[in-house]
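I've put the structures underneath this note.
Next, two complexes with subunit A in common: one pairs it with subunit B, the other with subunit C.
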Partner chain A sequence: MAEEKKLFKVKIDNISVEVEPGTTILNAARQIGGDIVPPAMCYYSKLQGSGGKCRTCLVKVTKGSEADPRPMPKLVASCRTTVMDGMEVANITSPEVQEARKGVVEFLLLNHPLDCPICDQAGECHLQDLGYEHGADGTRYEFKRRTFDQIDIGENIKLHMTRCILCYRCVYTADQLTQRREHGVLGRGEHAEIGTYIQKALDNDFIGNVIDVCPVGALTDRTFRFKNRVWFLKPVDAHRHCDKCCGKTVLWMRGDEIFRVTARKDKYGEVEEFICDTCRFHTKDVKDWTIEGPRKIDRHSVISQGHYVGTVKPKETITDVLEGRQPRLLMDIHSVSEVNRPGIELSKIDGPAHSDDFKKDA
Partner chain B sequence: MQALTNRVQPVDRRPLTLWERMYLPAIFKGMLITFKHIFQKKATVSYPEEKRPFSPVFRGLHILNRDEEGRERCTACGLCAVACPAEAITMEAAERKPGEEHLYREEKYAARYEINMLRCIFCGFCEEACPKDAIYLTETFAPANFQRKGFIYGKDDLLIPDPKAKQTV
Partner chain C sequence: MGRKLLLDKAHIENIRYYSTYRANGGYAAAEKVLKSMSPEQVVEEVKKSGLRGRGGAGFPTGMKWSFLAKPEGVPRYLVCNADESEPGTFKDRYLMEFLPHLLIEGLLISSFALGSNHTYIYIRGEYAWIPDILEQAIAEAKQNGWLGKNIQGTGFDLEIYVQRGAGAYICGEETALIESLEGKRGNPRIKPPFPAVKGLWQSPTVVNNVETLAAVVPIINIGGEEYAKYGIGKSTGTKLISACGNINKPGVYEIEMNISVEEFLYSDEYCGGIANGKRLKACIPGGSSVPILPANLLLKTAKGESRMMTYESLNDGGFASGSMMGSGGFIVLDEDQCVVRHTLSLARFYHHESCGQCSPCREGTGWMKRVLHNIENGKGKMSDIDLLWDIQRKIEGNTICPLGDAAAWPVAAAIRHFRDEFEWHVLNPEECVKRNYGLAHYADPLPLATAAV
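And now, the complex of A and B:
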């Protein structure tokens, strides 16, 4: 009989949990779940080496371990600090942590342009959620926000360097999922930016996953760019047979049109299984997919706004009364409305729509 | 029978008194009330010659605003549409091309923007939701129309005229 592994007993916000040695505080908190899980902007459980950069997961260690009960002098990043036996951690119960997190959010937002009305990530952006939950009402920064020249990194992925918070997740994704990494962080400090150095297109089979791992709107899907807002789309689980990846995705649909394909994300916003670029960018026909059903979205999310689930549609009796004759419509909205014209299928256009796409029909 | 509420009043079925049976005093009492109103302030105005002042928070027909340089403020962020309880607002966004900077304020704009005035309840939530100060409710009524199709307001109907273009004329 194999010797049973000794488990470390940790107390996070007065909730005890037993975890294996070598687990980080963040993962121990995730085993408990709920409100006490520190938010993470750069840590990604599926990417090795990620974490330790954004400092949003700071926690206070009030008791180092059973052997050395002294508290740690400073707040520690919970995604990089492993647990010790008998450790006691305070996250939401410590006002110091809350104050520090507020400061971190203010720092992250220093150079972040508040262009959420334009950004395609709005509604599923982790920085938006973090700012909403922990951030201050305004900024104290009085200088010009840092800006970058836009660079083109290919057909399918759009880079907005101004929105980047330098979490390095996309760099690890390219390292660990694709054959060759073609982008990285250039420059240092204030001048650090994600780039390809020499203007080069990101073109790898799994490179599309950088869109999903990006916590902000710095890397977005160019085939979906400005097509629709996420909260007007209906996410459905779907799968297809794919020889490169698992083929399990979420389709973001409106009617029968597929606007966007993403991987399935868990409650921490992390991808369950990475998907390939063929599934993500080039399979936007309903016929190619087997739809499993609507994806469950947290009801506090803006994405679930206006999605009426479980409604009972009353039976239309007028056709029975009129012996099968349809009632005469006072007005057919599609004959008047200019929006959603059948002539223009936005999801079929490769990039974002432009003024001439709309003039064609007029 | 047990009364359902304690507000039940029994009907007065006593025979009328002499004063009540005389009939005319009650008539004069009623007439007096009518004549009194002739000398009071009128409750009505003769619209449209005379108009009542609007409340400062009156919510009428929508407009889409432009900035000082005459560029459209709306970026088709969809917040008005998601805030709209009547689901009256629909839009389609497009990317600004190089050379269109004088037309649109941001790199994304509403190529199509439509308000169904038949659905609109003039609650003003769209105005509150707008992060770009693009949509405003004015003090104008939605005009009457014989046909329903006249109530689908597109961008041509909603957008205010370019202030710069007006100056040159």
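And now, the complex of A and C:
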């Protein structure tokens, strides 16, 4: 009984798309792709129940649906609002949304330490990208930022709570991937923190995934901390036979050395498949892996900057501008210079050159 | 003397106990419902009464009840929100302390109407002694066959459980309350789904305020249509107002919603005027979350009409010149009070009570508190006032639950109506820590806004 499903027509920033009922606005926008996709700091498509917290993905629903065309009174979190047939959404076309998003970014950065120069997440940090795209130049916050002590939670994971933006992703990860969640959110309001209450080691075969889902540098890989900047490393796709997980990973290498292993992330920074801790922390010998080829990093990431994928040789522009003529030498500076005397061979001067060497009457 | 429906028997000695309550006409409404009415009829009666939610939002209760999803084979729940934590509001406490059986009776009728066999009272953690009163009332009701299995031979089963909160303001928000009731961290849920579809244990749930549920009893007793004759327009019935601040007679008053604010504030029957012969400066008419109004806008609306104690009249003028009925926490400030200091203490409260789930509220409330702290202590700058305005604007409407709005509104209203006082604080940094701004022009009659041509 292959009954054809009715698709909902949605218009986001005046671009139409047909999606299945039950799709969220954010995922509908991702189906369109490009600039109109709202940023998301807390939503993670692979984690059930995530989203709605960071408020960066706020959009304006200008028309509720075909049946009820009233606009929604408030901005809505696109990651948690499902589409209706005939819905019209404004994201980058709404100044109200842009303004609100700017506000949210300012709030998120309020207590963030901005220690990017010493943060391992720098270069692949979603908050950096978000701040770059939507943030202001400076902060208006003139007070002390909240700080926490760094904690080693487990052998391989470092918790740097000061950087946390409380997206709850790691909580959902532990809930849904591991047998037992041993960390959670303690305290409330500004004092809310990720923690284990009584310092306890997070120890589980899949707990390392909290590092991958963390949008900022709050949870970092202790086997990689301070070893290298991510943009100096070459990411390659690799796989191995693993009896716990899919074994499909990205190796971050320099030369023959594997610096770290992560899951494969798509352009929204979400992993394709979660990997186990054995692959992530304990398999760092090239011999253990079958390398497939270079990993394509297609975000506008600094990682791609020093990378060999997609590099384009700069175009010669002068001949274009001059309509095909070659540039002509107008003047040779050496022939008119009062300082440089062509008669004196620089390499013949003994020691460092001195103005005396160039005096005309010398 | 205003007519009373809820507190008319509150003065009777021992009304707390079943025998006295029953002897004074208690459980008559429950009897009427169980013997002669169907659940639909009860809902219809509540709809006719025009009863509006007394917790703050003022949503029509009958409508809320009719939204409840009724899928087959799934239990439905009624939850009584007794997590009354709004600064300035203490009416539910009074009801539960003095008339616990009124609440139990209201819960019984409402549970019957909604088909809930397990009803919960989620009570504020700080009300440490009230659960005992309620438990005792529940035990008495059970002994007399008003709770338990097969109530009064009708085949309707009901158990009422009292659950204590742990002292978080946010757990008064209905979805946070449900989370907390389920034993989790009290973070508000993201809506939709609404509790009427997926609430407690993912089942359809109605969450109502104590006063709303208690008001169901007089509605059944006198009939929905008769109840609707109390009050003015869409503000039907009576409302409990917790009056506090600089007044002669603070306390819980039941008012019929047809008196003016002036009468409520100055008549001897209610607040009895401002204490110590001072003059009125400002008032928050509906609990800490609603906008503050200066004296001239409190007694008269911007149109020059006298402001009434009704949902509509208090809201007259919207945010620009009105306020809200809210939960009925009537906080009065006299001429010696400092609005900046007052706003700071509210901002501090919301900062302390923010759950920290969504970023605008988590970060913004603390920021507002710190900026206000600077202004109050003579360290403010002129730009801080605009900054505050900008922060509150970016919090309001962008959060998961209404706590963000509740934190933003008092600050917004204080700046809107009392900007001079904020500026005075900035310009007189040394003086502002020693003395107050005083009444200034806040009680002067307002020039009537002329109609735009």
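The rule we apply is simple: the second predicted complex is superposed on the first by the 303 of 362 C-alpha atoms of A that agree within 3 Å, B and C clash if a C-alpha of one lies under 4 Å from a C-alpha of the other, contacts with A are read in each partner's own complex, and residues count from 1 in each chain.
The working rule: contacts are C-beta pairs under 8 Å (C-beta built on N, C-alpha and C of every residue); 3 or more make two chains touch, one makes a residue touch a chain.
Quick caveat: nothing in here was measured; it's all calculated off a predicted structure.
J.: Could you look at A:180 and tell me whether it touches subunit B, subunit C, both or neither (first, second, both, neither)?
T.: neither
J.: For A:241 in the superposed arrangement: first (subunit B), second (subunit C), both or neither?
T.: After superposition on chain A, A:241 lies in contact with neither partner.
J.: Can A:315 be said to touch subunit B (first), subunit C (second), both, or neither?
T.: A:315 sits against neither subunit B nor subunit C.
J.: Is A:328 touching anything from subunit B or subunit C once the two structures are fitted on A? First, second, both or neither.
T.: Neither partner.
J.: Report for A:267: first if it touches subunit B alone, second if subunit C alone, otherwise both or neither.
T.: Touch status of A:267: no partner.
J.: Could you look at A:166 and tell me whether it touches subunit B, subunit C, both or neither (first, second, both, neither)?
T.: A:166 sits against subunit C, while subunit B stays out of touch.
J.: Could you say whether A:143 touches subunit B, subunit C, both of them, or neither, answering first, second, both or neither?
T.: second
J.: Please report the subunit A residues shared by its interface with subunit B and its interface with subunit C.
T.: none
J.: Which of the residues in subunit C end up touching subunit A in this complex?
T.: 168, 170, 185, 190, 351-360, 362-367, 370, 387, 393-394, 397-400
J.: Report the residues of subunit A in contact with subunit B in the complex, numbered from low to high.
T.: Going through subunit A, the ones touching subunit B are 115-118, 122, 225-229, 231-232, 302, 305-306, 330-331, 333, 335-340, 344, 346, 351-355, 357-358.
J.: Would you mind writing out the residues of subunit A in touch with subunit C in their complex?
T.: Residue positions touching the partner: 51-55, 58, 74-75, 77, 80, 99-100, 103-104, 106-108, 110-111, 140-141, 143, 165-166, 168, 184-185, 187-192.
J.: Sort out for me which residues of subunit B touch subunit A in the complex.
T.: 75-79, 81-82, 87, 90-95, 97, 100, 106-108, 111-114, 116, 131-132, 147-149, 152, 154
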